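You will see two complexes here that share chain A, one where it goes with chain B and one where it goes with chain C.
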Partner chain A sequence: MYKIADEEIIPRRWYNIVPDLPEPLSPPRDHDPEKSSIDLLNKILPKEILRQEFTSSRYEDIPDEVIEQYLQIGRPTPLVRAVNLERILGFRGKIFFKNEGATATGSHKINTALPQAYYARKEGVEEVVTETGAGQWGTATALAATLNNIRSTIFMVRVSYEQKPLRKKIIKLYGGNTYASPSNLTEYGRKVLAKDPGHPGTLGIAISEAVQYALEKGYKYMMGSVENTVITHQSIIGQETRRQLEFMGESADTLIGCVGGGSNFSGFSFPFVESETEMIATAASEVPKFSKGDYKYDLIDTAGIMPELKMFSLGSDFVPPSIYAGGLRYHGAAPALSLLIREGRIKTEEVTEEKSMEAMGIFARTQGIVPAPESSHAIATVIDYCKNPENQGKTVVFNLSGHGLLDLSIIRD
Partner chain B sequence: MKLALYFTFPYPNRESFIRFFHGSLNHKYDYLELGIPTEFPYYDGPIIRKTHKSAGENYSENLLRETVKEAISKKRKVYTLVYYNHFKKDRKDFLQNLKSMGFSGAIVPDLLTDFFPERFELVDAMNEEGLSLIPFFTSSTPDKIIRDVTGRTDDWIYHGLQPSTGIRVPVSTDLMVNRIRSLCPEREIIFGFGINGPEIIHELKASGADGIAVGSSLIPSMETDDMDSFHREIHMLEEGVYGE
Partner chain C sequence: MYKIADEEIIPRRWYNIVPDLPEPLSPPRDHDPEKSSIDLLNKILPKEILRQEFTSSRYEDIPDEVIEQYLQIGRPTPLVRAVNLERILGFRGKIFFKNEGATATGSHKINTALPQAYYARKEGVEEVVTETGAGQWGTATALAATLNNIRSTIFMVRVSYEQKPLRKKIIKLYGGNTYASPSNLTEYGRKVLAKDPGHPGTLGIAISEAVQYALEKGYKYMMGSVENTVITHQSIIGQETRRQLEFMGESADTLIGCVGGGSNFSGFSFPFVESETEMIATAASEVPKFSKGDYKYDLIDTAGIMPELKMFSLGSDFVPPSIYAGGLRYHGAAPALSLLIREGRIKTEEVTEEKSMEAMGIFARTQGIVPAPESSHAIATVIDYCKNPENQGKTVVFNLSGHGLLDLSIIRD
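For the complex of A and B:
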């Protein structure tokens, strides 16, 4: 047994699935017929990010500086065989997990935060703005901005802001500023608060505030999920997984991951799309976008500032229950992922908070890692899948999108 | 290189349209694209979208027939740009009518994205009427779809350079031209969407594009009834396309 050099595992290019989709991706569409929200992207996104959003290239070179930063924050992340979990489930196959919780910020979100902040800095941007639901994206943005010597402002969904004080502390430690959304800082936030001063906030509202704030101040906006560029950057997860499996002499029969906006699942699974690997995307039952949502053009943000995208959606005005997995509360899912689900290439599951909590406990007690509440949904699906006699003998790989060490207040005494 | 001019028919109104159309015939161009006004031209940018409303209010089939006839007599091939959503219900009549007016074919921007399963059905229906479907591709069209649709059609290809008409986001022109060229090496490829100015025309020419289609950049002079500016704009296009 030898240790494989990290440089051999990290790919030098991101993978863009668009040229390989079975159908054309429906283009972004303006919500207001009088205005071009696509043109607006010129104002809020770094040029290179926008170019990548609409590129026809299957691969995009990863700049050397970003590779260096990837190595610094813990990439490649480990691919671990969950032997203890296999034993407790009596599973006569293999379970592997890609541990994105092993990055410096504890989740996959840093994979796209780094290049977005890098390109912003290259264009002379002084500050980036974004939203965060569970806090993982805000944490990643704050670190990526600081590593690139730029400032960051983060609008955090109020319910998470109140539930997760440690997130605010980490973001502050990394040098970012957080505000509870809806806030009084933006016109849209004030409008929401005027109607409901106790509004718990949604990711859609926080996105609206971040975009509005970036526009007003002339800063750049960082995209946490859904958009194609983000999915492309996240392909580093799946590409590393492929190489690690190859080095181990393994191949995946089934890939499982959780879905909020869809970036971790897409980044993990899309590099396998040409193979026959089964793919299962798990959403929260409380946010049933795949079983009860429609495949339609819908707004990304609640205010309708950004272009509409065609995706599975519960409607941009959907106010999800205050489940702890804040990262799964988003009303829609990335267009490429939605298309592959509609086509039947990717299957879906929905898991309740209660069931995901059980899975969190099982995984913590067997593998010693406290999974993020979002990732626990994927683990619940893995457990069900491996208990099914039909699946015995298979090799199951799931994406542990983040750790839950900052979510421990969820655990009842 | 070839030049295609696009007009939403009959923007801004019948009388002005005729004057601008006649004005355009004083210039050299190869293809005339006439946009049939529709209620919600969602894949167009705000400039073209705006033209659909007044064009819709002034629409006249007789005038369309005369326009096509005149353009053909001046050696232009005439195509329509029309949303499938607009004619899906009475497809047969609509296509027969197009043919009888003298159109060579149609560009259908929503076909591959919104009516993907019906793509070959429409190709066949158009072939039956002696009309060409001009494949409309963008950077989001997957390779396999480009190959499949190219294999079932034989006229030129329209490639959108931008996500919608009349806007400019950063794109790698070279990369885009090379990609589509490698997927359909034998076909004439005309680039449209967001082409306004000599720089991008030069870039496309240098990259090996076969032609450009221009629409949005002609609208401001038509909107303000400024014939001089209209001529200047087309002259600039002519120089870019046919000049050294």
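For the complex of A and C:
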């Protein structure tokens, strides 16, 4: 029964929100009119991923082999009622959390890394390439590639590469190759280093290097967030949550999650979009993309190699402060999510680093799990929500996008 | 159904193997005939724990509040079929693992920390005290105390205290207080420091300090392994495993686990003792307690404060090499486990650090989970088992006693 439950909860199809959006999604736009970004994507993405990126079908079948790997890496992830947290907050209602930290790599990132590596391998590719900032995406990519018997190369922002030695070790253990970015491996990296040999790197530079490296070598590039395909794959989170709530005889009044590029929040909430459920997306106060950003076409990388997308953005040249939640430092947010926020379907909150750290401690001391700094922002919003007298009696469900065990070093003593 | 399954799998009683042993267990013996160790235990242990330590009842009811906390911290833990590992080994049989790394604190240690803190609190105690070497036990103690609204003080072997800053951080996050041992807080610690101000500490010294501190302050001492009570509490692992196998329509031919003091292995395997299931306990080659140790009365701590127990031991003055699996460095093994090994009911293996590290890598690259160094010893035995032509077609179940995410720093680059 235990095993049957797992297989009944895992969906057989990913959900793509595009046909259910209130208006058509604005397509990607070439940054440099001389260079077709579709041509570029055609070269660096597996064909099936490119097709999924632009499809308007509501569902995509999940290949059997991907289902099998989802089961192996810890899906379905638990949906847990946080009884201890309810008690300490004196909340007269129910709090549930979807624990994406329970996957083998400790975050939701593996949900899209597995199919991306799978499609690359199916097309005969021997190596995938990507960038990583905080390290979660690089970790997921390395494992997904190895599980598909292909190699992986990960350009890791130099400052993370140096400050997070555990991330390098785990990526190596999984069989991935990491390079500090800017590196000498690409023309773009060499150009940056020529100007400043001690450059600490940025996610934008790392993306640029990964894309160039994939192009030059004929490898495929893996996308960690923002793009539609990624969000479609992440819909497994919300679909599982719906089924688990059904099995428990519960229904959600409110969904809460944190937003970096938007993949965990969108994957968690979009499968509920047609319902009455309230949705709250929490960003970092230090990266106020929703309150201070504009809804406009903007670059997704700093170098301008990838196409522009229409989204909430602080500008691709926005320099985020070095908050502990590395995954929330991105300047923009996924187009579909941005559209639903602009339309008012999804509300937003912003949480400071201080409040997030406090929430991390409260959650650790009540539920025992050390949440990722990013997820702790969502928890801070949950705590505020539960303290509001108007919300007593409600059922709130939040996405714990990952655990913070590999981020403990950045917590102040 | 999902939730119901959880509650159906978690047992309502702990299993105590004492009445099912082939001969009565030799009782603890005073080390110093002038000092009654029962008197000591009476002072430092909660009454209910002391009663459980010497009971010959087969079952102990688990209090409802402890059941609720077990559910909150991630019990029942998953029993997973390791399809990827089977495939890479070319094993024509089935491999399952019980994932104790999926608890909130990342190992099986929380299974006994929770009831010990619960009984202490029920008896009006405000603080519990213990020692920790590798750090898993200290982490579990800190969380268990906080969940029971009491304080905790943890004497951490100085060398670990300095080499494992993440452990300190997580214990602090859980609300525990850690001190490097030897410390200035106890007479014993001060004596050691007077002789050698730079003493790196040992688990024996840390135990001695914790017991002295508890005695002086009137606090209660928490026991991490070796003692019967601990093993009875850990029976939740094996009982859940039995039920999960039943639900899946499977049955185990062989159980494999690693042995430090013996609590994870005993808790996992003892509930199967009446069946025909083969059982293999894996120790570290560098701490060859089963092949080179004697079955005799010996001290469980180095200072000789606690009573002597009859067990396999390399001698309480054995100086273990600094292998990466800190939890396997203990000189002895739990009395009931030792007896069943001497009687031949349980077989033993020894695995080198090198083989264990290799197994850790294989498991990480197939199942995605980074196993604890200790658990990696069990995995090495599983791999050998599955490569043996005689074992094809069999079903082997092993206990993954914890994850290794907080131990990555000690893995060589």
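For this structure, a couple of remarks:
FYI, the second predicted complex is superposed on the first by the 399 of 413 C-alpha atoms of A that agree within 3 Å, B and C clash if a C-alpha of one lies under 4 Å from a C-alpha of the other, contacts with A are read in each partner's own complex, and residues count from 1 in each chain.
Note that in this section a contact is a pair of C-beta atoms (placed from the backbone, for glycine too) under 8 Å apart; a residue touches a chain by one contact, two chains touch by 3 or more.
These numbers come from a predicted model, not from an experiment.
More residues of chain A are touched by C (comparison of chain B with chain C). In the superposition on chain A, A:Pro27 makes contact with chain B only, not with chain C. Contacts of A:Pro19 after superposition on the shared chain: chain B is touched, whereas chain C is not.
Using the contact criterion defined above for the overlaid structures, shared-chain residue A:Leu41 touches chain B, although it does not reach chain C.
Touch criterion met: A:Leu50 reaches chain B, while chain C stays clear of it. When both complexes are overlaid on chain A, the residue A:Leu408 reaches chain C alone and has no touch with chain B. Applying the stated contact rule after C-alpha superposition, one finds that A:Ile73 touches chain C and leaves chain B untouched. If you check the complex, the residues on chain B that touch chain A are 40, 42-43, 45-46, 49-50, 112-114, 116, 138-145, 162-164, 166-172, 175-176, 179-180. Across the complex, chain B is touched by residues 18-30, 33-36, 38-39, 41-42, 47-48, 50-51, 53-57 of chain A.
Residues of chain C touching chain A in their complex: 1-3, 5, 8-9, 68, 72-74, 78-80, 82-84, 102-106, 110, 143, 146-147, 165-166, 169-170, 172-175, 244, 247-248, 360-361, 364-370, 405-406, 408-409, 411, 413.
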